[in-house]
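What follows are several structures.
Look for chain A in each of the two complexes below; its partner is chain B in the first and chain C in the second.
Up next is the complex of A and B:
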């Protein structure tokens, strides 16, 4: 009976897994199909071709967009990790006037929907003369309240004696943060990194607002303009450009998934 | 000479007074133990001396240098923490050497000191391990080694043994004592365990509610506690206390309590003859037990009691008896043990009793 139950369970899980992964695999294989095969549901193309990628690459500056996206997302991720953990460290471990107020304000920032600040932020960027610059894409996102609060929560769990010991060993606060706290916070740093990177990588709306020059466009922005503007011409080419967008995220996830799952699992235990 | 001086040190957290007028000098090379219950302020004093907690008022000197406002790293003190506070991501060697590397001590000197501490503390085979690969006792040794290699003016120990099991605690206690005698480094040691205090300290400071209750050598505190708190805190098992008053019978001063009368060896001019309430204290090891029969009247300096519990510890046993409304405990190390329910005569040697006034002060 138990074996039968197991079999049923695994069959159910396999079905669910197929349901989720099939569209993705279909997309991946369709990018390699000639136009005549695009309409089929088969996962393996009869004739493998890279024409969709060649067409895509020739019609729009995807290489440049890939570079822009990588630059923007990497800079934002590094800044969020560095500045976020510095802020979180101060909020968790240093005593200064107004600390409770700062905690409350950071929490309050989470309650404000992004759409609400979109117009004021845009106006600000216009006034600063940053339209069509990398600064417009990067600077507004150097700080992230969610990241600060996640890091702060983690930093609060590091024993006070480690901090005391480091201070007595002669370390300054920055050195304590980067040589003691960071190595102990790898799971939370990884999750903050991947969430920030994904968020930044997938962002479409903001680049559409502040960047019009094609050579400054990020990958999802260019993709949107390319596909919606009819530049792709065929489903195969559209999907090929989507593949270019999704692959870096999958690769990043594959590298960091150990920490990702660790911190998800840990979140339940530590409360 | 690296002595440590506290000069009228106060500490407040907001409106809460944590340390009141702490005035103390620790002599060069001395091992001074601060002992008290939780909330007595002992750890706060240590943290203030370490520079981890600011002082509200007063001054602290190490080696005649005012360190009151100096940051921790400039005080030349090293601390061993209760939870060891080893850096989990560094090897033992890195843990030991970090403080020296940050102070730009030459490489060869660092190696020499790490080897030296490693050999004294038997850490040599463990130098390349991470803390999580070590047992509790080994981690404790690493924490001590980290303090040693710094060659500081003063060692600070903050309840270093309280995370260890009983057997290891006794062993490490001996090792810490031996190490301190060998290095002759001025040491301030905080503990709530009075056995640690008694066995390790050259002198002990008993703290309660942020105030010094008594300072003295261990045996002084045991023999002549200045108040009821110290009497109850120092000594295991704890001193017996009986509330009552003084009276006089046939020219002898008596302690009289409900169901108990004890002849005292001397008069207490302050309260003699009055009915002011006093507390009699007597240590369990000073009580003398003998089995008796309820029909017999006890010896004039003995109280009649009934045994309610016998704790057999092997060498010594604890016998709990009800005497009138009072529960007394006697330590018995030889002779036959009474059984639960037996009637016993409890003799209170008149020269071994302590008397405390209503405000807790010991009567002279």
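Up next is the complex of A and C:
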């Protein structure tokens, strides 16, 4: 009975794992198949071809989109880490008038669903003349209330004695933050970095609103526009263009799998 | 001014300015937009209650509202049951535990746009992988995304598949908090596996279930890229989501006032749904 239970458990797990992995393997293998083989369930193509990749690379600026996505996601992540830490440090450890107010507003802002501010934010970008600029993709995300609250929570737990002795040594607040607080905060910084980067890398609704110029599109946006616009023309080509978006994330995931899982779940639990 | 006061303000000012421009102003302007008619080209004009009146009688809006409730009523129970089941399986002593966990989590890290494109092909009527597997066991091809009855449930299943790994991790964290002593006590009492689950595990996981409920509701209301890519909102508008309708009004019809009105209505609906869920769960807890 016990053995039977174990067998059932592993069969169930294997079935579940196949459900989650097989579609991606099928996708990867389909991109390497000539059109005549696309219909088959087989994972290994009889004739491997890179034509699908050549076609999609020639038909739309995917290289440029890769650059745009990397630029936007990296800038936002660095800003959220650096500026977010400065703000969180002030909100956690410095006494100034207006601090309780700032904390309260930050929490309140988090309760407002993004769908409410989407259109006003879009009209703001239009009025600033930022349509079809990197500014539209980056500036509204330079600060992140969730990240600030997570960092603040962590900074609150660092002993006051550390701060006091650093101040006695004549260290300025910025130096205390980046040379004393940061090294102690690596776990939470990693969480914030991964969640922010992933969120930006995969975001598609906002770019669809504020970017129309093909050369400024991020990867998920260009992919969506390319496939929906019929530019792909075949399953192989459309899946090949999706691979450009998948491969960097899956490679990162393969190496940092534990951090990804803990980060995203951690952010969900705390945020 | 004290040095600390000054540094505090210096470090908090950029964020305060950002908050004012990109959070508080849009929130306030959302409320203003509700009373305006604006195509972004000509100057906005005051529209009084026109947007609200239009919304109240807009069959497409109410269709989208109904769609969201159909979607959530499939997605949320399915999400909770699958996440809980997988978490319970992973919580046992297992060979390759990290591998299983990583496998379940894989779709979570992939962009929704990719998942939508991939699943359009999996769901395709003639050449789709799913129908081809069904054909092997003698089931006739199902037009998943083109039949008004199956399109929205098909998308709900896909979204559940994409997000389940995330909720598994939340449940796993909760399972680790159930004290060993409680588990041992209930086993000594001679409880069956089902009794252990029903009277110890499930009640202990209530905080996680509430979290999963809230997060999957909020995420569910964001449904956009899936219908945008897979069905365009069809067939017969049965997969039109509220965000897709909002996007269409802003981007295709240039109706900023009306789109913002949909946004405000959507925010109120989300607030109301979560409020009611909390109430219901609160009552269930008291029983």
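Operating definition for what follows: the second predicted complex is superposed on the first by the 239 of 271 C-alpha atoms of A that agree within 3 Å, B and C clash if a C-alpha of one lies under 4 Å from a C-alpha of the other, contacts with A are read in each partner's own complex, and residues count from 1 in each chain.
What we mean here is this: a residue touches a chain if its C-beta (ideal position, glycine included) is under 8 Å from a C-beta of that chain, and two chains touch if they have at least 3 such contacts.
The shown structure was predicted, so the numbers you read here are calculated from the model rather than taken from an experiment.
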Fit or clash for chain B plus chain C once both are placed on chain A?
fit
Angle, in degrees and to the nearest 10, that opens at chain A between the C-alpha centres of chain B and chain C
100
Contacts of A:148 with chain B and chain C, given as first, second, both or neither:
second
Where does A:126 make contact in the superposed view: on chain B (first), on chain C (second), on both, or on neither?
second
Contacts of A:99 with chain B and chain C, given as first, second, both or neither:
second
Looking only at contacts as defined up top, I'd like to know whether chain B or chain C touches more of chain A.
C
For A:46, decide between first (touching chain B), second (touching chain C), both and neither.
neither
Does chain B (first) or chain C (second) touch A:26, or do both, or does neither?
second
First (chain B), second (chain C), both or neither touched by A:227
second
With the two complexes overlaid on chain A, what is the closest approach of chain B to chain C, counting only CA atoms, in Å?
8
Chain B and chain C footprints on chain A, overlapping residues
none
Within the complex, which stretch of chain A touches chain C?
9-10, 12-13, 16-17, 19-21, 23-24, 26-27, 30, 38-39, 41, 83, 86-87, 89-91, 94-99, 102, 105-106, 109, 112-124, 126, 139-140, 142-143, 145, 148, 172-174, 198, 201-202, 204-205, 208-209, 219-221, 223-224, 227-228, 235, 238-239, 242, 245-246, 249-250, 253, 257-258, 260-262, 264-265, 268-269
Can you check the complex and tell me which residues of chain C touch chain A?
4-5, 7-9, 11-12, 14-16, 18-19, 21-27, 29-30, 33, 38, 40, 86, 89-90, 92, 94-95, 98-114, 117-119, 121-122, 127, 129, 132-133, 161, 165-166, 169-170, 173, 211, 215, 218, 221-222, 224-225, 228-229, 242-243, 246-247, 250-251, 256, 259-260, 263-264, 266-267, 270-271
So in the complex, the part of chain B that touches chain A is made up of which residues?
47, 50-52, 71-73, 77-79, 81-85, 87-89, 98-99, 102-103
For the complex, which residues does chain A have touching chain B?
159, 161-162, 164-171, 180, 183-184
